[in-house]
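First chain written, first letter: the chains are A, B and C, and each begins at residue 1.
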Amino acid sequence: MKTIAAVATFCTVFLAGAACAQSTLRIGLAEDPDILDPTLARTYVGRIVFASFCDKLFDIDEKLNVVPQLALSHETSADGKEVVIKLRPGVKFHDGEPLDAAAAKYSLERHLTMQGSFRKPEIAALDRVEVVDARTVRLVLKTPYSPLIAQLTDRSGMMVSPKAATAAGDRFGLHPVCAGPYKFVQRVPQDRIVVEKFSDYWDKDNVHIDRIVYLPIVDATVRLANLKSGGLDLFERALATDIKEIRSDSKLKLSTALELGYQGIDINVDNGPAARNPLGSSAEVRQALSLAIDRDALNAVVFNGEFVPGNQWVSPEHPYYQKSFPVPKRDVEKAKALIREAGASTPFDVDFMVPKGEETQAVAEVIQAMAAEAGINMKIRVTEFATSLKQAEAGEYQAYLLAWSGRTDPDGNLYIFHKCRAPQDYPGYCNAGADRLLDEGRLVSDFSKRKAIYEQLTKIILADDPKLYLYHRRVLIAHTTRLEGYKQMPDGLVRVVGLRLK
Amino acid sequence: MLTFLGNRLLQLIPTLFFVSLIIFCLQQLLPGDPALVMAGEERDPEVIAQIRRQYRLDQPLPVQYVYWVKGVVTGDLGESMRIKVPVRDLILEKLPVTVQLATMAIVIALVIGVGAGIISAVKKGTLWDYAANVLALWGISTPNFWLGIMLIFLFSVKLGWLPASGFVHLSQDWRASLAATIMPAFVLGNAIAAVLMRHTRSAMLAVLDSDYVRTARAKGLRERTVILKHAMRNALTPVITLAALELGTLLSGAVLTEQIFSIPGFGKLIVDSVFNRDYAVVQGVVLVTATTYLALNLLADVAYILVNPRLRG
Amino acid sequence: MDAAAVGSVAFDVAEHVETPTRRALRRLRNRQGAMLGLVVIVAFILLALLAPLVAPYDPAAQSWAAVRKPPSALHWLGTDEVGRDILARIIFGARASLLAGVISIVIAISVGVPAGLAAGFLGGFLDGLVSRITDAMLACPFLILAIALAAFLGPSLGNAMIAIGVTTTPIFVRLTRGQVMAVKVEDYVEAARAIGNPRWRIAIVHILPNILPALLVQATLSIATAIIAEASLSFLGLGQQPPAPSWGSMLNSAQRFLSTAPWMAVWPGLAIFLTVLSFNLLGDGLRDALDPRAR
């Protein structure tokens, strides 16, 4: 941070003029990203850093519509098995190589075939990529897959320089070469990531800040302290309980957007012996738990009412939200009645696994108090992240408080959770009807048709309740008022084009 | 002396062996699967299996241990699963940070601890004694993560005098570097000050009672000369060796303090790697810091013996 | 002088001879810092024992209308982030912290002292083995060992106590061993051996009582460190599970409300500070009182 001051001092003392007035944007991250290779990366914060140096084929706007970035247009064939993408002309990678169809083909195939690629499951439907001409590629799919374009607005659509990627192999992430507005300069693990303006960017007239420094600061309180004292210009994941303070500070501004993901509770229904308890074995008891929780009060107590209660995998403001299944109000009497009907005797204990987090404990405690009134004793067990992953997968829990960061396409919030034995089906939920609808939803591209399919799916899932959806967070980005032009998108990423630092 | 040194060096080998065993086994016993942690949000089983193969996580423990030791002996400490940087590079990168923080902390500890210890001993039984006592004890009576947060709140947010977090290398900008490290160094040094104070105090008390100090007083020397020239020099020797040991502990990294202040040193590296199940990093870093600690231990013992015979004379 | 007079003089002398214990207690009583520390510790112990009678509210009772309220007549120390009374949680939290402090040290002593006795007294290969393992444990960062152990055993107050106890054991091994080495060359030990006492008897009857003072001092000081270690583990989420209170986890929750609800942070921090300071003062006082060199 203060290095920039040193450079600036050096500049003004030894070299005068506008050439030396470097503007630097310091962004505070909630954790240190993992490897900066779009094929091998897996963290949410990594995507925030990628937004500055690694452009994708497409991007999204605040209404979740797909907009051009490195590609100009896409066209899906009638049978849904071919997608033709036209690339933007005149785009260069940071090493000067051109972004042409061959480079696009290389990048996509890298995501699909490289050993250890985390993008493979995301674009598994892709069979091969064909070069049509220098500006056009054709993606040939094994089966129709409507979420594909949405995947291309994320890491799977990030283009890497074939020359650099071939040379570096799996070490590409140590010095990545992409086609974004900034180019990678330096990374000191757990300390900082520095990127610098790329003079040959296709939209260079809209890039006004010279340098961006990403600083991982784990503690949200310390991130805010840094922003207030001038050590940062922007930081992600402000706490809901800090919103009032940020808004009352005239030098700070809060940019928000409702997240694409959700927060909820997984109930172990069929993943091992732990599922044999009143909650896991009876859908009515699960519905009772859902009714016992006062989502509005939870929001009010823990988040000062800033977040949005929910009951589906997309938020009530999302186009795919099914209005015919509104968020239930608390009803303890009905909950008790349902439990009686199910034949369970109260009170009974539930092993409630809660991953460690700044706010998760408070959420769990409030839920515990609410559930207790219906006779359900949630026994909180705060577990660190790595352990909770393992235990969730192995079914060593009865209830599991979890969060999902969300994907642009609703399928991304559904398939891997509710499909029988899918990687994140921690509850062990298997329902043939649900499976069929999940697969159908992927084959269809038309919005209203898909929504109708998902309406039937919602009915099944809300009746079985293997996952209780509780609320949706807001993406909370706090920044200095000196930063102009910042707009928050629901995916939580910090987009850096069009920003000015006064 | 040489036999002593030789013996102690020989003892290092089984000790380091046990260190490696302790850290290796402890990590492997940790619940949670590194491959799962690494596997990203989608958790594709194929990818998980590939990670396991690549990092030999599917092999039995003793086999993994042997591979690791083989690497260590040839200078290869493995690489971070998370960011694919060799552990050796990570250590070299973070070494100056930890050394700077540790040195500053020891200096602060010596100033506060030795100062308080001398005052407490010389003015024994008076208000100064108790004041010095409480001042030094304050450091180990407060959890350091707590003190850190309060200091950030006071000096960064309310007063704006110091940066809230981060680290600047001494070579880049010494003023900024001091500003960034003074708070964490104080938090760390505070705690050690108490230990140093105790030992300074008892050493001073013993020395103030001794024959040659009595002689010096009898000769009519001013009290200040007696204390500064005669008593201190002899009392401080055990304290300096103790400070060297504490330095060794500090070089292992200050886990919570670095976390709070976002100092990219060994402590933060180790604890983040434990939570990420990045085995190679934890093993490599702890092995290096343990070796440093044991080496400093040895040096302190040697120094103590070297200095002592002259003292007795 | 006749025999009766001599006898009465001897009797007078005997009455006024002070046993070492009495001398130590007298010196301790004279050290005001230590006495103050003792008083505070006893006060906290009483609070912990009588918690259900003394606490004004149920420490787990949430009150969603009274979230993060500042200190008032209704809640003397204010309320926390889910509306629980902080005073009640501090009182009940004393149980966790004091238990953690004492039990971890009991574990450390029960394992460390016998090991140190055996190593120091028997010497040879056993001594070498124990010493190397102890050195190795001391060379590893204490908090990392504790974190790893606590994570392995599972998050709970009991397991945190075990983790802290195990990681503190090396200190007692080393201390005991050192004391044993110093004491075993003393005359009375030689004498005991000469009359044919078995080794275990010598260890327990002759050596142990003489190293007790040093152990007592170290135990008191280690309790102080253990309480801080428990706070650190709770801060990291590895100790007392919610909703049961622990000063460390209260600090953890308080962290993000520093500017909006500072009272949430002040009281647990103060409680830890007073308790740990008291143990430290007591320990230092004991050391002075038991020091054979001091007047």
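Keep in mind that, in the parts below, a residue touches a chain if its C-beta (ideal position, glycine included) is under 8 Å from a C-beta of that chain, and two chains touch if they have at least 3 such contacts.
Treat the numbers as computed from the prediction; the structure is a model and nothing was measured.
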Identity of the chain that, by mean CA position, is farthest from chain B: A
Between A-C and B-C, the pair with more C-beta contacts: B-C
Interchain centroid distance [CA atoms averaged], chain A/chain B, Å: 38
Geometric centre distance via CA averages, chain C-chain B, whole Å: 23
Geometric centre distance via CA averages, chain C-chain A, whole Å: 47
Multi-partner residues of chain A (at least 2 other chains): 219, 221, 384, 387
Touching two or more other chains - residue numbers and ranges from chain C: 151, 154, 255, 258-259
Contacts with 2+ other chains: residues of chain B: 30-31, 149, 153, 157
In the complex, chain A residues that touch chain C: 219-221, 239, 241-242, 244-245, 297, 300-302, 356, 358, 361-362, 364-366, 368-369, 380-384, 387
Touch list for chain C against partner chain A, complex: 62, 64, 67, 81-83, 151, 154-155, 236-238, 241-243, 249, 252-253, 255-260
Interface residues, chain C side, partner chain B - complex: 32-33, 128, 132-133, 135-141, 143-145, 147-149, 151-152, 154, 224-225, 228, 231-232, 235, 248, 251, 255, 258-259, 265, 269, 272-273, 276-277, 280-281, 284, 287, 291, 293-294
Interfacial residue positions of chain B with respect to chain A in the complex: 30-34, 36-47, 50-51, 54, 80, 82-85, 90, 93, 149, 152-153, 156-157, 160, 163-168, 172-173, 176-177, 179-180, 259-262, 264, 268-269, 272, 275-277
Residues of chain A touching chain B in the complex: 1-3, 5-6, 32, 34-35, 41-44, 115-118, 120-122, 170-171, 173-174, 188-191, 215-219, 221-222, 225-226, 228-231, 384-387, 389-391, 393, 404-405, 416, 423-424
